[in-house]
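Structures for review follow.
Okay, so chain A shows up in both of these, paired with chain B first and chain C after.
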Partner chain A sequence: MNVKKQNIDDLVLLTIVDKDANLTKSENFKEIVFKEIESGTRKLIISFEHVEYLDSSFLGALVAILKNLVPKNGRLILIELDNDIRNLFELTRLDKIFELKNSLETAIEDFK
Partner chain B sequence: MNMFPITINLDIPNDPEKIYEYTKNVLASILEHIALDLGYQRRIKLILIELITNSIKHSNEANTSIQLLIDQPHLSIQKIEKGLKIAFSASSPQLPFEDVESILNISFSESNRHNIQPLGEYKFKFLKPDPEEKPDMEQMPEHFGLYIITLASDSFIYQYDPELRENTYIVHLNF
Partner chain C sequence: MNRIILLVDDDIFQLRLFEKLLTSNGYNCKIALSVDEAESILQSETPDLIVSDYEMPGKDGFEFRRRLLKEDSFKNIPFLFLTSVNDKDNVQQGLDLKAIDYIAKNTPPSHILSKIDNLLQAVREHYERSLSEIKGIAERLNLRNIPKKAPELKQFKIDYFNQSFQNQPGGDFIDFIQTNERYTFVILGDVMGKKWGAWFFSFSFLSYIRSAIRLCVYDENYSLSEILNKLNRVIHDDELLSDIFSTLSIVLLDDELGTVMYAGAGDLPILKFEEETMELHQFKSDGILLGFSEFGDYNEMEIKLDVDEELYMISDGMIDFELNGKKKSDINLFKEKLFNFKQNKERIQTIKDRLFDKHVSQVDDCSIIIIKKV
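Up next, the complex of A and B:
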């Protein structure tokens, strides 16, 4: 899975570079983020700017990441989800569990 | 002028990277026959993605087929898989059901639970969760495939034919 990492002060921004967030990538993505959390990251932003579709396996990976991060007093914000992906979060009511923001600027502001 | 019902038989892609393009093409074929708003288009794409992803994960795609039946104002998507019947975790009731009157809580794993309504010994309907129920992160499942199909459809039914050894997943949408 192609993921670009960027440190912004004490935040880590992970941008998914692939356009398909699917079952072939979900385990690998989970491992990448778990390692990031193990290394001490607690303020995490994941950008879906390039993602065209996200399947149930990847949604499961995101839930596992949140379950890992929150007990460690961490916080995750998902940004730049297109309308189809945002609709999937609303359908599954995961929009009540995850923090979804439109832009990186809004997410950074929210972390302050 | 379209003559309904229209049946479309689909070949299933075996490469997960091709699923999204495939669903977009199938949707385009449906839209040649009926006009649908964006909400229904999204629901159809989600259902197809999850039916196909489920097949790639759990079965040999050579034994799987999908058929669309457009009969305005209805669309049904039927996936047929040859093989053993669906099996739940050990603590769940199994097919054939003895009690076909009550709603059952079944699970495939600790994080993959569903309420179902038996419709026969070898047939059941996935039930939608209570919309008033507040989501709880601790209880949140990590397997969403069947859950997404249940939520995106107007009805989602499973049935098994023990003689033909055939699993059929039937999804209905009412426009």
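Up next, the complex of A and C:
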């Protein structure tokens, strides 16, 4: 799984570099983020800038990440989801669970 | 679907030669000039076979193989060594590293091709045999996540179809629970994930669903909202399922009054084709995925269904499409197809055949339940 990490003050931005976020990458991605949370990160932004398709395994991994982070008083914002993926989130009420923002700037502003 | 072969060699001429041979025979090749490049490709692609040279500057083929053997996701990818150094020591060292075989670079192209064809065929057959054994065991244990037939009711006719992805079991599950002559629960769920992992957990979810329904019915409680709320709490508290999530649609058919109730958890909307107005309507539940939060706040709704009208319950595989090599999830595309079938007054069997047409690219297992009022 190609993930680019960037620290912005006390925030961690993880950008998924792959176009296709699917089963073969979901476990590896979950491990990367769980390690990030274990190391103390509580303010997390995941960017889907490059992602064109998200399968249900990867969605499951995202839900597991959020479920792990919330009891630790952490917060996760997902940014730059393309229209199809955003529609899928809305269609299946995942927008009730996740915070979705259009850009990195609005996500950072929201964390302040 | 074209099988992917990862070719690793520092000799670009050799790589291009191999690539040409294999692509012109239906394989999809990824090429890497070094082990580092190969490992970077493996981050985003899982090939069906890796063919690698022994001798390369930097990390050599043996080191590459050793590194792959340490990674669970890569260690079982069939691996062939390719070499011009056809000496016994190198061959033995390669085979000791669980490489399936080796190919000498001076082997005639037709032999190389046959070797690769035969190897991939043998891997496929081995996989099919194991799959069929496991399916046989599951069958004997009566572990079934798709029932053999739908119940026959007076006021409703139920049809259902499920298609696995690449002949592998998946996370979709269907059940019909007829508690008495009057009430039948129709269940469609989808464990998030694919293949074996999702398939395995679908039985845990099914057991909980069956128990929750039975326990509520013993108390004469037919409220879908209460059933879902209870079910969600149990699943939320089950540590084994703490990382596993499922969508669920439950429809309760009352065969005496002819009514239809519906509640859902993170599921796709139920669709209804209205004969009179010739419109396709969508009913969206408000519940979130089972098990995410202790209190899910699940509500039920009644769906009015007149004689000859149909309801469609679908899993997410039905709205996943691959167009021009690009995958996408699009319910509107599905609705458009369904609407056209209905407008042309196609029969249920034809609709099913067309939706599951093997020429329509499929990226996940998919299920549809069609409930018709008769």
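Just so it is clear, the second predicted complex is superposed on the first by the 112 of 112 C-alpha atoms of A that agree within 3 Å, B and C clash if a C-alpha of one lies under 4 Å from a C-alpha of the other, contacts with A are read in each partner's own complex, and residues count from 1 in each chain.
One rule holds in what follows: a residue touches a chain if its C-beta (ideal position, glycine included) is under 8 Å from a C-beta of that chain, and two chains touch if they have at least 3 such contacts.
Please read these numbers as outputs of a predicted model, since none were measured by experiment.
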Touched partner set for A:S57, first chain B, second chain C, both or neither: both
Which superposed partner A:L11 touches (first chain B, second chain C, both, neither): neither
Which of chain B and chain C A:L44 touches, first, second, both or neither: neither
Partner chain(s) touched by A:N2 [first = chain B, second = chain C, both, neither]: second
First, second, both or neither for A:L94, with chain B first and chain C second: both
Chain B versus chain C as contact partner of A:T24, first or second or both or neither: both
Set of chain A residues, in rising order, touched by both chain B and chain C: 20, 23-24, 52-53, 55-57, 59-60, 63-64, 66-67, 84, 87-88, 91-94, 96-97
Touching residues on chain C, where the partner in the complex is chain A: 43-44, 46, 73, 171, 190, 192-195, 198, 242-245, 247, 266-269, 284, 286-289, 292-293, 316, 320, 326-331, 363-364
In the complex with chain C, residue positions of chain A that touch it: 1-2, 18, 20, 23-28, 52-57, 59-60, 63-64, 66-67, 84-85, 87-88, 91-94, 96-97
Contact set on chain B toward chain A in their complex: 16-17, 19-20, 42, 45-46, 49-50, 53, 56-57, 111, 134-135, 137-138, 140-145, 147-148, 151-152
Residue numbers on chain A that touch chain B, as the complex places them: 20, 22-24, 52-53, 55-57, 59-61, 63-64, 66-67, 70, 84, 87-88, 91-94, 96-97
